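Following this line, the structures themselves.
Paired with subunit B in one complex and with subunit C in the other, subunit A is shared by the two complexes that follow.
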Partner chain A sequence: MLKRILAASAALAVSTALAGAQEVKVGVVLPYTGIGAEFAQLIDRGMEMYLKLNADKVKPYQIKLIKRDAKNPGGNDARVATQELLTQEKVDVLAGWVYSPNAIASAPVVNAGKKFAVIMNAGTAHITQMSGYYARTSFSMWHAGYAMGEAAAKQLKAKTAVVGYTDFPPGKDSLNAFKRAFEASGGKVIDEIPMGGAGAVPDFTPFFQRAKDKKPDVFFVFVPAGDHAAAVTRTYGALGMRQAGIRLIGPGDITQDTKLQAMGDAAIGLITMHHYHADLPNAENKRFVAEWKKAYGANAVPDFMAVGGYDGMALIMHVAHQLKGKIDGDAAIKAAGTFKFNSPRGPISIDPDTRDIVMNEYLSEVVKGPDGRLMQKVIGQIDNVKDACKAQKIAPCK
Partner chain B sequence: MIFTVDNIASMLLGGMAAGMVLFIVSVGLSVTMGLMGFANLAHGAFAMLGGYIVVLVMRHWGVGFALALAISFVLTAAISMVFERLLYSRLYKAGELDQVLFTIGLCFVFIASLTVFVGPENQPLTLPDALRGQLDLGLLQYRTYSIFLIVVGVAIAIGLWFGFERTRFGAQIRAAVDNRRMAESLGINIDRLFAVTFGFGSGMAALGGGLGAEFLGLDPQYALKYLVFFLIVVSVGGLGSIAGVFWASLIIGVLDFVLKKYLPQGGTLFIYALAILLLLWRPQGLFGKPA
Partner chain C sequence: MSVTPHMPDHPAALALARRHSLRWWESLPWIAALAFFFAYPNHLGFGTELLIMVLFAISLDLALGYAGIITLGHAAFFGAGAYTVGILAHHGIWNEPLTGLALAALVAAAVGFLSGLVLLRTTGLTFLMLTLCTMLMLEEAANLGHHWTGGFDGLPSLNIPPLFGVFEFNPLIPKTQFLYVLGVLFLCFLFVRMLAYSPFGQGLTGIRENTLRMHAVGAPVRTRLVVCYTISAAIAGIAGGIWAQANAYVNLGTLGLDRAATVLIILVLGGFGRLYGAFVGAVAYMVLAHFLSKIYPTAWQLGLGLLLVVIALFARGGMLGIGEVLMQRLRPKIPPKEPASRPSP
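Coming up: the complex of A and B.
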């Protein structure tokens, strides 16, 4: 008995010593409650998954996640959460941000706090330029939007398009990205339909009816992943738009892996441009998906948000190693520029000039797999895509 | 271009279907708020509970949509009657602020419970094959489920009107609302009457939650997310008036649909602007009695 107590206290002493010396405090800003709660869970699990699968790369550091609720897409709560993490918890690194308005509202606080901050989802292009301490491991709306605009004109041979988008910053970004590329490639956007806000899922019927009346070749839709996306496919199917010869296309948000099976056969034939889906055939992704199912259940599936969290944690560890655990904001941003990683989405790196991610984009089609489940089949690939908004210096990405 | 038969019909059908969802959920709220004089903001929570029961019963027991709706109606009504006896009945004489605080609190309890026990994600509802796809109406093809909703909504409206205006039970409710003490002294058991009415109203909410899930989705935020719409319908229609709720739902559903289609830049503004204008014109609602 005495032996055991001694051993236990010795272990405790060792672990506290370890924690004291090499603990990295990561402040996480995610919407743990409200409409984004399931996204927060996916990103959380993505981070956990990295720490679990790469335990050897995490050593000798001990990661302590301190989580704060960003609640809703409004921005205010996220800013307060960011401020608390900086001033009260004195974190070394900030991470998270599902919704663009939240990352936009937090930018001045991140700037003032001078701490390294990793955006794991929010995709509005110019966010990374609002603070020099932001680096992004998710995507910019221009990655998929711009690539889809070109593919729609060239590969899908579309001449006309209608764009429907959720009326908040990434929606407008996605519209601009798609429109610019599509029209530069010879297509024409004949209507732009704002379809309500991000806070609640609207009934899409009136908007889709309007799009159907315009009879375009393709209907490009950006809505936030999740419930919005599930409703889009349902409405598209129910209004008989496919039979009317209109193809539904968009960034991968509309075929989010976690929602795909519930969309039913209406989803077959959907074409998306995105940097990740769970059916990507590379070896790293197969391992990632298998481990995910082992940890969270046979029906669980990771998606692009989970990978944003996974790769974000990889970036944080890269920076921690480079700086030997002393994560100063300015040095960290420099170190982030040397990040290269073999992610489940393929090879990625951080562009040292823009602090945004460089990655492959995949053109995929939803098909019925051999086991009767819906899956996404890669039908095209573009390597090492940079954020086109910054590459071409289109306002507001000067 | 705008005024083709096709176009007008599809707008009317789309708008009416959206209106019917509003009607089926809100009519229960009108009953509890108008007839019982209770500001029940947890009504959306009961609609949400009903929707969840429909989805979960279909998923785990493999029962059909119609039977799931019936089970949901009965279960939600029973659960709400327990709440009514244990909690609501203590607040009948309390001020409106107490009632509002209590029922909002109840909403949060429902939201948290469903998040913990079922999960934060949206629960997809799988409609039976017969209700999916398009229906050929001769003049045009339209979404089968929308037409189904319109038929069900009208049937419910007629049934309710008949129940309240033409049956003994309906007469008892109207008597109790007009003059509770007189009704009691005539031997009407008010406690039982209110419990049953409340259960019925919540059961209707459950039906609306299940039938409307195709349009409104189903996640733990439902309870608060759509509450404003239900309240708007009830106040525009006039408290306690079934016909009022019916017409208010239709007007709001159709106008909202048409305006969203032709002026999508206005976003969700219309439904609020409409409500304000209608209430400025008739503060007691379309069919309400002047205070």
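Coming up: the complex of A and C.
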């Protein structure tokens, strides 16, 4: 009897040891409460969708997600969460970060902890340079802003532009990126309008009237994803700017898929540049959107944040396979540089020099679909776009 | 004020004479903090945040609990201190920790003095709104002054040299930070405790209870309030400055309504005007928030909200108030009872 118990416990010990060797602990830092809760849910679902749709690629590893609430953009909660994931939970990989200040505040901890960390949203360009262990699967504000500047001059044949931006770092990044590319391609930015902070949705009317009075060919707007965007299209429609011959353009943040239907017909004709929207016609995306609707309801739709989480998980699995489950920070960053993946947003990779994502940018127009719903139609594409801020060494990305 | 000097053995006289003597249980918070340091080395990041919050709550207690200055903008001083340390360190002007803290206190005191000089002419709701406005204006100034303050992204990776030139600030295992904050908290607390039991502190309590009567006895009410507000601001500035040093960064979160409201909730939860309310409130609020959010990252606020509702409904004096009521029930009821509630104006 005693022998049998001993044998059984030995077997148990062996099997748990095996399971332990194959388990990859991923610490997730996202704002699960507060104004960012919606974004956290999208990224969360994106990660889980990857694990579900690619179960064969996840094997033989077992992914354990340990979630911590980053609460707000204040930075200290995210920092303490990162600290504890490293010291208490002994995670193999860190992931998440919706707000840029949180990723900035966590950088010294990530550096000291020497663990691989995947940024799944925070878009301020220079974040990836604050820690050598950061890799980013979302975007930098420069990806879309710079591409849009070129496309506005070349494809939309615009000569003049007015830029309206929410007055915080991603907005300024977006302004700088657009302006640099637009003016390098022969256009001219004739006015720059700061439009309040990111905290609350302002009344856009005075800003838009000022833009209208300047009579530009295009009006480039950056506002944070979420409720700002609906107000932008409403004001654009109410002031009759389209009839005045001014086209509204911007990065895809202003046509976030989860908000698009609520914008109504005023959004038709909006032209955006972004790396993802749910109407991208590739096969991988069709499967992704179909599975998403199956899992979360017919009206649910993934967006660029969800894809940031999805691709982030793909990167983590790539690194786990490369390193046979022993995810050491320095080795992981090297392995991340060899990442190539067929994502719902098209082919992506990680630039080994900057650890930032390389991806396609799509120029899209909002149209009314055959079923009466608003959708985005791809009218142009730029392949393998790198973060121009780092590629051209523009301050503060030096 | 019915105590007469020729009755030294009257219970009231004895109580007055002994009111500032140390009691055995006053050592408990410090023993607990040191025990925490040795028992939970992996929780020190959270512990440091907790101690800084206690310090910040103590500064508010001086203004709100003792002088009855009801403010919603106390984070203005926390932020002023934090940005003082941040800007000086980031631009390479000054980064030695201890003197940096002194500068943070000085700047915050200046902000407190100047705003107090103007705002303390008002009372009640007007004052509440004006403190809120002052804080929001500072926040917006910090947002706009991007060149100096780093704007929304803040000032990252400050270079803070080792404490006393010996003890390094390790971002992953913040042992130095914890002990440093504990030491500063201890000194600040001793100062506030001394102040609360001094005639100055008694005068503040008098102003809180009955401003008219204090005017009538010839006390310089407005001067006292401004001085109290300035001292309170200076201590909040120290809390902010040490926060910036311990975290090695500073951003707009130090100035926001979020922080101002949290510290107010903590103080009300613990019980204001009681010195130790800040400890009890901060520990209860932050420990609960921290561990609930670990277990339920999406729904932890529900549990916290329930606790606050219960406290607001059943314990107006906060958690320490509950303790006092229990102690009174347990005490033998022989001596003639003084009215338990404070005299109404």
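Miscellaneous remarks
Simple rule for what comes next: the second predicted complex is superposed on the first by the 379 of 398 C-alpha atoms of A that agree within 3 Å, B and C clash if a C-alpha of one lies under 4 Å from a C-alpha of the other, contacts with A are read in each partner's own complex, and residues count from 1 in each chain.
The definition used in the following text is that contacts are C-beta pairs under 8 Å (C-beta built on N, C-alpha and C of every residue); 3 or more make two chains touch, one makes a residue touch a chain.
Here the structure is a predicted model, which is why all the values come from computation and not from measurement.
Following the overlay on subunit A, a side-by-side fit with no clash is recorded for the pair subunit B and subunit C. With subunit A as vertex, the superposed Cα centres of subunit B and subunit C define an angle of 50 degrees, given in steps of 10. Contact with subunit B, but none with subunit C, is seen for A:G226 once the two complexes are overlaid on the shared chain. Of the two partner chains, neither subunit B nor subunit C is touched by A:P347. Contact with subunit B, but none with subunit C, is seen for A:A238 once the two complexes are overlaid on the shared chain. Applying the stated contact rule after C-alpha superposition, one finds that A:Q88 touches subunit C and leaves subunit B untouched. In the superposition on chain A, contact of A:A107 is made with subunit C only, not with subunit B. Once chain A of one complex is fitted onto chain A of the other, the partner contacts of A:T124 are limited to subunit C, with no touch recorded for subunit B. Shared-chain residue A:G197: touches subunit B and subunit C both.
Using the contact criterion defined above for the overlaid structures, shared-chain residue A:G325 touches neither subunit B nor subunit C, since it reaches no partner. In the superposition on chain A, A:A37 makes contact with both subunit B and subunit C.
After superposing both complexes on chain A, the closest C-alpha pair between subunit B and subunit C lies 5 Å apart. Comparing the two interfaces of subunit A, the one with subunit B and the one with subunit C have residues 33, 37, 167, 197 in common.
Those residues of subunit C that touch subunit A in the shared complex are 42-43, 45-46, 49, 140, 143-144, 151-154, 156-157, 170-174, 243, 247-249, 251-254, 256, 258-259, 293-294, 297-298, 300-301.
Within the complex formed with subunit B, the residues of subunit A that make contact are 33-35, 37-38, 41, 167, 193-197, 200-203, 205-207, 209-210, 213, 226-227, 230-231, 234, 237-240, 243, 258-259, 262, 264. Residue ranges of subunit B in contact with subunit A, taken from their complex: 7, 10-11, 14, 17-18, 115, 119-122, 124, 126, 132-134, 141, 143-146, 214-217, 219-221, 225-226, 256-258, 260-262, 264-265, 267-268.
Of all residues in subunit A, only 30, 32-33, 37, 67-69, 71-76, 79-80, 83-84, 86-88, 100-101, 104-105, 107-109, 111-113, 124, 130, 167-169, 197-198 touch subunit C in the complex they form.
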